[in-house]
Each structure stands twice: as structure tokens, then as C-alpha cells.
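Accompanying notes for the structure given below.
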């Protein structure tokens, strides 16, 4: 019934016990709906403690909602949003960004999931030309969909280039905790402090049941957000239950401990298989993903016991994700199975 | 901090303890994401047991999402959606239906929150005229935003008239349980069996933390739903936690017990104040709402201690909502306070 | 084949001969596309001469395009647009305003096609409430769809009330020339000078083949217009042919002469039938429309020979439109026929 | 003031004298608006004579309108539209396709403006996966934006592959006449007969003032078109003036003569410069465009006297367009100037 040996996605993980404790703690009596409760106030205060006092945060249901809401706040219908080809907003949101914003997505091919300042400069064209959509946002994932992590210098350079081109910067931080853990930096140091304008803060993949947040560093961009959230169907009535999940992550930096475990398990997995004949690790293992090329018959064999996805149907590359709940034994069993299958 | 004496909304209520138990029960190990898990399968099976074997159900985050998703499945961008003036889709969703469907809402004034076949017939015009939006859906709430409940005969007549006009019927069932409890009928008897095409099934107001469902009785309308759900940002990754909430309601008909309590408490409240000088109950108390006119200074006085809303700013009418968690003592204290204030 | 006795619409009229002359005059050689030609520059200069030096004008294809473009420039997707129930944007544009803006239209019933400041104040609600669309524009027609004309005082009062409520004012001026002729005032005196923010300037109904303009008085609202026009599919490649039509209207104030004829013919028609037994004129005949109640068998009889529409299918009210090309003899024949049918 | 030596675009050309004659011929008296007139009936009959008796045609204002309307008729909001990177719908419509359809455009890089069956097959992915947009349309230009022309065999193979993948085929025929002239085939032979579903028929670039048509070969796709046209702001009130332009092109196959001249002038131009040192023709000159690489200082020099565009800002490639009105002397003067500049 369950999938104890799953390396398919960080979404397959259960919720952390602390999340349940937090949910129970807020379940007393009647409180105002739609976020006018004390628990939500505490959760928003935590975001200010992490990202700065004038940060404005909006709790939402899920990552697609957080991304779309961020993009809606940054664009007009004739804007263009620059992103990577494998980005979640481009491939995995069923066109929600286009439908909700009206904008065109300009997707850039990228070997490692990252956008460089030069790539960005080449992608911007037709500025001021009424026939052309007008580039307005660059959206990057941190950590990326390829398991890599931008250094804070890389992000700073990208933000500088973006702002210089008149663009705003959105970070899809479905795995922002993994990036912070990887870089051993406060989340603020790799978002607000390097020039990011809005962050989609991920919680579901990092131990929650279902909760995310849009974290706005540029106050101008927050002005319409409450209306955009409601119109985007992302306003929870019983908001305390979203807030509680955030408070669980906040307590004793559980968000960081969870991310560290996920990252460590990915490294353990990569270390366990690196150099095996017939297997090639195709991306740096910066965070909690391992990308691998190996013979398709081995893939098929392993998938009988372990749950993971073929990332690229064209070349057979596979993706292994670890998460907050992955145990060393899970990894070790998987490594053993891979070694066995390859030998 | 909490609002023990709240009559503001059924959204102010906590979650039922059984919901927590159900959430804990599904929190074991890794399971496939996005609904391909056994708990979701069980929840969908429960909907089939309630509404018929070929019912297709889609779990979503919230009521606005359920309504918009239903309407998207039923319309084209040049369609019109007929509803009541005070309906949630018209007043309380910040234009989400218009944005996501592209459609015009035609809102009908109504004394009691209901639409009659005659009202519907008068509202349809310009059929086949390219200058005019084309009426395609009538959306009604059951129970209504005015606390009234359509009889199954009323709904059958409306569905017949709608289908005769070429319209589909959507029921906003944020409080469908309250309607079923009020009529003492299975939910199926007041939806599918009378001709309803799609139901927004409400769970959050009836004891859950945050979960709703789109229940499709007309299989043709389900064909695109999975794409529409994802594109509408209503697909949960860790779906088991939505499913668990539904399973809690299903167990031993908790949904019905919760609704019965809410309705009984509204009747108790209405009975406690009916006939008081200076106070007028303005709507039949069919479900879990009591609408009242009374002097504005009394309203102001009561609001110092009790949480409830002025429904109509123009005439001062107020709304008192009860919910699954409302206790008889809560009502009795409120009644005593009202009596005291009025005397 | 043609309809020499048509009172159906000002759209049934041919183009004025001067329009053809102007079109021929611009048909020399190659000129830059999309409006970067001298004829377009001259047309825009004429608008500045009429409405003020900092007026920004955008030529478009048709009235629906002009209205939608105006509304797009004034709104965000969660805005509401207040209009009259019988307004063109509400009834006759097949939902284009909703689809292109995402907004809700709030349509007010009105006896004479006009909105008063009090009606406007009552229509604005839920300000700042995230659940509610946010009223942002009031759109009025001048002359109205009911053939009435706002006095400049009425419009000034409405604009004052609108701005006081934080709303912008759009005028659907498909028949702005008729209103100016009726009031014997420059067009500026009934638009910009009384506080209007954007005008849809009508040309097609007033003697052109197909051309309209969006005239922006509030420069802030013009900033995105070129992109909005292109994205709204309203940018003509061979713009000189739209410009030529405007230049024809401008020459020797043809626009005014055309409108005066249309208005005079409506008055002649009204005067010719006023007081006839069995016939009631239901609206003031301020501009070029006459609304009449008369027995349905008479309507049917007259429609065998004359082309006109039943305006209101519920009560049988009919509408007679005159236009720039309506001749006194056309009217006199029609009057004689009506008199004959009624006697 | 005018640009007698323009090679910038076919949109810079004047209207053909026959168009004026046709416009005058329809300018008699009142006729029903919105297309219910005899001239429109004649124009639609001409399309049936060209494309088959059950063809349904909808006259519209412009090419962007025709393309967007076609795409709206073929898609749902979660569909994807496959096109080439340099296609008009991708680069030159300011995001109108995305805004009006809600769809994602998947743009394929292409050396010669064409899509092959293999390219198409590789572009389709995620079929049935709710996270992914669902490919539904392939849109190709004929002749292409690179001046090339698909053979009818190439188009037949592409249509076969598309239908096999469950896709519909749209042809952006802004220059369909040039393609038919180039192939010396009836327009039907390169559209309907090879499997195309909807054609955007171009008239403005081929001698008209402003008129295009959506020509539907698959009757199912025409069902909603009249509503889509009106809602897309592409319904002309005085439709006879669009119809007249089509009738002018139809008369004695003026459409073909015009296209042949444009194509011949492009060949004359290419022949005149081919092989010159420092100049490279980069695309086959199939229709009425010549793409050339030459030193940027020569480009700058020539642009002082002749109007044409740099097509690719990155590599300096320029585009020369000819049109129905281009004269041999215009070409010869240009060739002489180029030769002079290069020597």
C-alpha cells in the first residue's frame, strides 16, 4: 500500500509528526476565518524573522498556486516570463501560468537547470515593439529541477542582470530549504539579499501536508496580492491549518533539519553508485536529486521494487529524489539493489 | 484568542477530532503523489456509494476551487452562467469565475436565495444571437446563501426547466450536508436524482480542515476535469491528506451528524429569539443560518461579545451561522444576551 | 437587395462619399505600416485639436474593440466595471469585456439608459474586501442605448462621484457625435472637460466604413495602450485607411453635419407620430433613436416594408434608428405608413 | 511622404484600384448589418467555389484576428499549439494567442520556417498527463515567414502526421496566394485537399485595404465560430465593405495575378543580386521574400534610400519583401543600388 522505498518524488513523503502536533495545537474553538487569526499572525511573523521586517507573506495551498500568484503580481497580460525549459512552470503546471496571467513563457534550454546572465540578455528582445510580448520576469528554481543549486553569487549576478534589463526576479522555492541547506546560508542570503523580488516558499515537499507561501520582498508587488490570491482560488478559509504547518517547520528550524536530511540522503545515494560501470551521474548532486543514465533494462528491473521516474523519455535519464523522511537504510538497500542489477 | 461564542461563519469552526485521527492513519510511509494512492481510491469509492457507480469525483482544496472547476467543465468562454445575486460565485469569489471561465455571470435578484423555473426562463435570452453570451449553466446553492433549502421537488422542477432550455445545472453544495439533513434525504436524492449535473461537495464547513470535491454525474463533463483541476491549481500533491478528511466524514455518517447538529443549533437559536420585540427573523431557518433584523445599536452592543456579520449594509440585516461544533450552551448564552440587550 | 427604408440601425447605412474620396487620397505608393505614416499622424492631430494637446488616440477597427481596449487600460482582472443593464458592453459584445479583462460587469437597471451618482454610490461595495471584486470603472454611453443624452452637468456630476469613489470613467461614444450635436457643444465639453478618462470615439455609425478610436485623456492610462491594442487584435497594418476615414469626418466638421442630420431625422420621425392613438414614445428623443410602444400586429405589419427591431421582447417596445444618410422623404414615408397602419 | 522604393513589408503597399471599385459598388443604400447582406453572401460563395461546397468562411478584420479565431476554435485552455519559432503567432501578435486561448505555444526552431513530421512527433509529449498541456494544434504558415513554400506533398505528410497524433492543422495563410502562385496550384490543393482543418486567408497583404477570412474545412470546428468572432472583436458591423474587398480579389482571379507579380519581383530581385561578392541569399526564394546576409555598413547605407528591415538582430540578416504593387523598375533600381554599394 505504501511505498517505503520510494525515490520518485519528495511529494510521496508523509508529513512530519511535528506537523500533526502543530495542527492539533491550533484546533481549539472558533477563530476568525481567512487568516485573521493569531496562528496565521505568528506564521507571518516567522517569515519576517527569516526574510526581513517588511516582508509580506501570503499563505497558499500549493506550489503551482504560489508560482502563479507570484507571476500574476509581477506581470501584465502582454508580458513575457523567461524560464528554463525544464522548469515546473513550463512543463508541470498544465498551462496555469499562461491561463492565469495571459503571458507567454519563453523557455530557455539549459544543461544544468540554471539561467545565466548571458542567456537572459539574449532572451530579451523586441523591447518597446508593440508586436512583441514584453519580457518582464525571469523565474528560476532554487534548487533547480535538475537538482543543482545556484550559488548566491550566481543568483546575485542574475538578479543584477535582470533588474538592469527591467525584469523582476521570481524564485520557485519549492525546494528553497534544500538550497539553503546545501549552501549553508540563511534563506534570506540567497533570495532577498541577492535581489530576488518574490519567492515561492515550499513547505509540502519539506515535511508538511499541504502548504506553501508567496513571500514578497518588494512591497509594491504585494499591493494587489490579497485579491489575486482569492481570485486564484488560493485563499484558505480555515487558514490556521496552513499556518500551523509553517509553525511546525519554524520550530527549532525543523525546515532546515528536514532539508539537510534530504540532501544528505541524495549524497549518500550518489556516493554509493558513483563510478559503477554502466551508470553515469549526469548532474551535480547539490541538493536532494540524483540524475543518472543507465541501461534501460536495469531501469526496468529496478522499478519493479523501487518507485522512481524516467526523467527524459528521449534518452532514458532517470531521476531519484530523496526527502525529509528518507532513511539511510532506504538508500543503502537501493544502492545494493543497483549494484546487484548492474553486476 | 479563540472565539468560543462565534456565530460568524461555519468557517470559524475547528476540525472534528475524527479528521485528525484519519489524517494520522494515512501518514505512513511513502505513497504515490497526486491521488494515485489507496486512500484517495477509498474516498472516491465513498462518493460512488453515495451518488452512484458512475460518479466521477475530483478532490480539490476549497469551495471556490470546486465551484470554478465545475463551471469550467460546463462552459465555453462565450457562455453565460445564471445564478442568484447573493450567490457565493457572484459576490464572494473575487471574480474567479469570470477570470477562469471567461463567462458572464447573470445574477438574479431573489428574496429567499432560490431560483424558480420562471425566473430562469426569463433570464435566458439572445439564444443563437452572436452578439449575446449564450446561457449554458444555472448554478444554485443548496442550502442557499440565505439559509433556505430547496425541496427536492423544487430542484427537480428547476433542473427540468434548465435542461429544457439547454442549460446544465450546477449545485454549490458548500452546505449540501446541511440540506440533506434538513430534508432528511440522501444527498443523491437532492442532486443526481433530480437532474443535477455537477455538485460542489463541501467538507471544510462541515468539520474538515480544508477539502472539497467536484462530483460529476454527467460523465461527458468529466472528460477534461483532470486537466482543468491541475490548470486551476487545485491538484494536491499529497492527496492522501485530502482523502483522509473525506474518509473521516464518511465514517459512520459523520457528515450527517455534523450537519444535523449545525441545523439543530440554528433552530434552537431561532426558537430562542423568535417573537422578541424589535427583532424579526427574515428568512425561513431551513438549515444552519438565521437572518435577523434588529436595531443597529443592539447589533453593535452584541458584537462586543459575540462574533457575527452584518449581512446587508444597506438595511442592517445580520446573519448568524451555526456549525458542527456549536454547543447548546453557546446558543443559550447568545439567546440570553440578545434578550438582555433587547429588553 | 438594399434596404432604402431602414430604421434598424445606424450600422445599416452606407459610407459617406467623402470617406471614399479620403481613402483614394491616401492610396499612393508605399507607406510605413501600423500607423507610422503621415495620414495617421494627421488623424491623431485632429483628435488633439478636438480634445486637447496631450490627448493620446489609438485607431481601432470597431466599437467593441474600442470599448474593450478602453476597459483593459483601466482595470486589473479583479476589478469590476459598473454599467447599465442595456449597455452595449453588457448585452451586445458576446462577453468580450469579461474575456479580455477578466472583470465582472455590474449592470444597473435604468429607466432611461443613464447612471446617476446615487446609483453609482449604491453599486460600489466590498471596497478592500478580498472576497469581492473591486469597482474600478464606470462605463456610460453618450448618447445612450436608449437614445437619451446626458447633459454636461449630469456627466460632470457622475464623473465627480466616480472619481470620489476611486473609479475611472469610460464613455462609450459610438454615438458621441450625436450627443455633441444634440447638446450643441464641442465633444471636448462633454468628455474631457467634465472629467471623462477615456472615450470610445465612434465613426462607423456616423458615415464611415469601419473605424473607431480610443481617445485617452488621462496620460497614465495610455502607457500600455499600444501593446493592449495589438494583443486585442485591433492594430491595423494598413493604418492609413483607418486614418483616412477619420480625416473625412474631420474635414469641414462632416462628423457634426452627419450627426445633426441623424438627430433631425429622429425628431422628424417622433414629431410625425407623437400623439397618435395606440402609439407611445417611451424615451426622450435626444439623439437619433425613437423608442415606441405600439400594438404588436402593427409592428408586424410595418416590418413587412420597413426594417427595424423589437428592442424588448418582453413588452414589445420597438426601436427606430436614424442615421447620417436618412432622408426626410424616408421619414415621411415611414410616418405615413405608421399613420395608415394605426388608423 | 510615401515610400516608393519600399521592400519592408507587403503591408506597406497601397490597395489595388479594383478594391476601390468594388467598395463603391456596394455603397448603395441601407443593407443589413453584420453580414446579412448580399455582398457578404457573394463573398462566402466565392470561398465555397475555391475550397468546396461545405466550406464555412468568416470574414474578419486582420491577420492576427484570423489566426487567433482559428486557434480558439481548435483548442481548450489546457491545449498546446505547436508552431515555429519565427511564426507570426509566436513573435508578432503580442501574446494574443495566449491571452485569448489560454494555451501554451510550443515553438520549434527551424532553419527554413517549416515543420517536418519528425519535428512534430518529437514535440508532442505528456499525452494524457494532467501536469502537462495537451498538444492539440499544429499551426504552420504557407508561405512561411522565411519566404519558403511547403510543397503539397510536404503539407500532406505533415497533416497526416498531425492527425495521427490527434492534432488539428491550422495554416496561417497571410500569404496563401503567394504559395498557390509559387506552386501553380489551386489554393484548395494546398489546404483542404492535403488535410488542413482551418485556413487564415490573407487579403490585406495581397492588395486589399484591410480584410481577412477564417476558412473552415472541418464543419465541426465552425459550430461556435460566430460567437468566437464576435467575442474576439472581429465582427464588422458594415460587413459589406469587407466582402467587397474579397469580391475584388475574386474577380478575374486578381488574387492570383497580384501574388504572381509579388513572387516574380522577388525572383527578379534575387536574380539581380545572386552571386554578388559579400552578399549571401540565405533562404530559397519560393514566394515574395528574399533573405540576405551582407555587411552591416552596406545595410545601413542602403537603408538611407530604401525601406527594409533587419530580420535578425543577432546576425544581421535582412529581409526584402515584394508585393502586388512592386514594379520591375523598383526592383531594378534597388539592384543597382545594392551593386553600387557592394562594389
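In this document, chain identifiers A, B, C and D correspond to the written order of the chains, with residue numbering beginning at 1 in each.
One rule holds for everything that comes next: a contact is a pair of C-beta atoms (placed from the backbone, for glycine too) under 8 Å apart; a residue touches a chain by one contact, two chains touch by 3 or more.
No experiment lies behind these values; they were computed from the predicted model shown.
Student: Determine the set of chains touching subunit C that also touch subunit D.
Tutor: Correct list: A, B.
Student: For the chain pairs B-D and B-C, which is connected through the larger number of C-beta pairs in contact?
Tutor: B-C
Student: How many angstrom lie between the centres of subunit A and subunit B, each centre taken as the mean Cα position?
Tutor: The computed centroid separation for subunit A versus subunit B comes out at 33 Å.
Student: Any idea how many Å lie between the Cα centroids of subunit B and subunit C?
Tutor: One centre to the other, that is 42 Å.
Student: Quick check: how many Å separate the C-alpha centres of subunit B and subunit D?
Tutor: 50
Student: Which residue numbers or ranges of subunit B touch two or more of the other chains?
Tutor: 34, 77-78, 93-95, 99, 130-131, 227, 230-231, 235
Student: Inside the complex, what are the residues of subunit C that reach subunit A?
Tutor: By the definition above, subunit C touches subunit A via 34, 72, 76-78, 130-131, 134, 224, 226-231, 235.
Student: Using the touch definition from the top, list the residues of subunit D that touch subunit A in their complex.
Tutor: Interface residues on the subunit D side: 77-80, 91-95, 98-99, 102-105, 122, 125-126, 130-133, 313-314.
Student: Taking the complex as given, what residues does subunit B use to touch subunit A?
Tutor: Listed in rising order, the residues of subunit B that touch subunit A are 1-6, 8-9, 11-15, 20, 23-24, 27-34, 38, 61-65, 68, 93-96, 99-100, 204-205, 209-210, 227, 230-238, 241-242, 307, 325.
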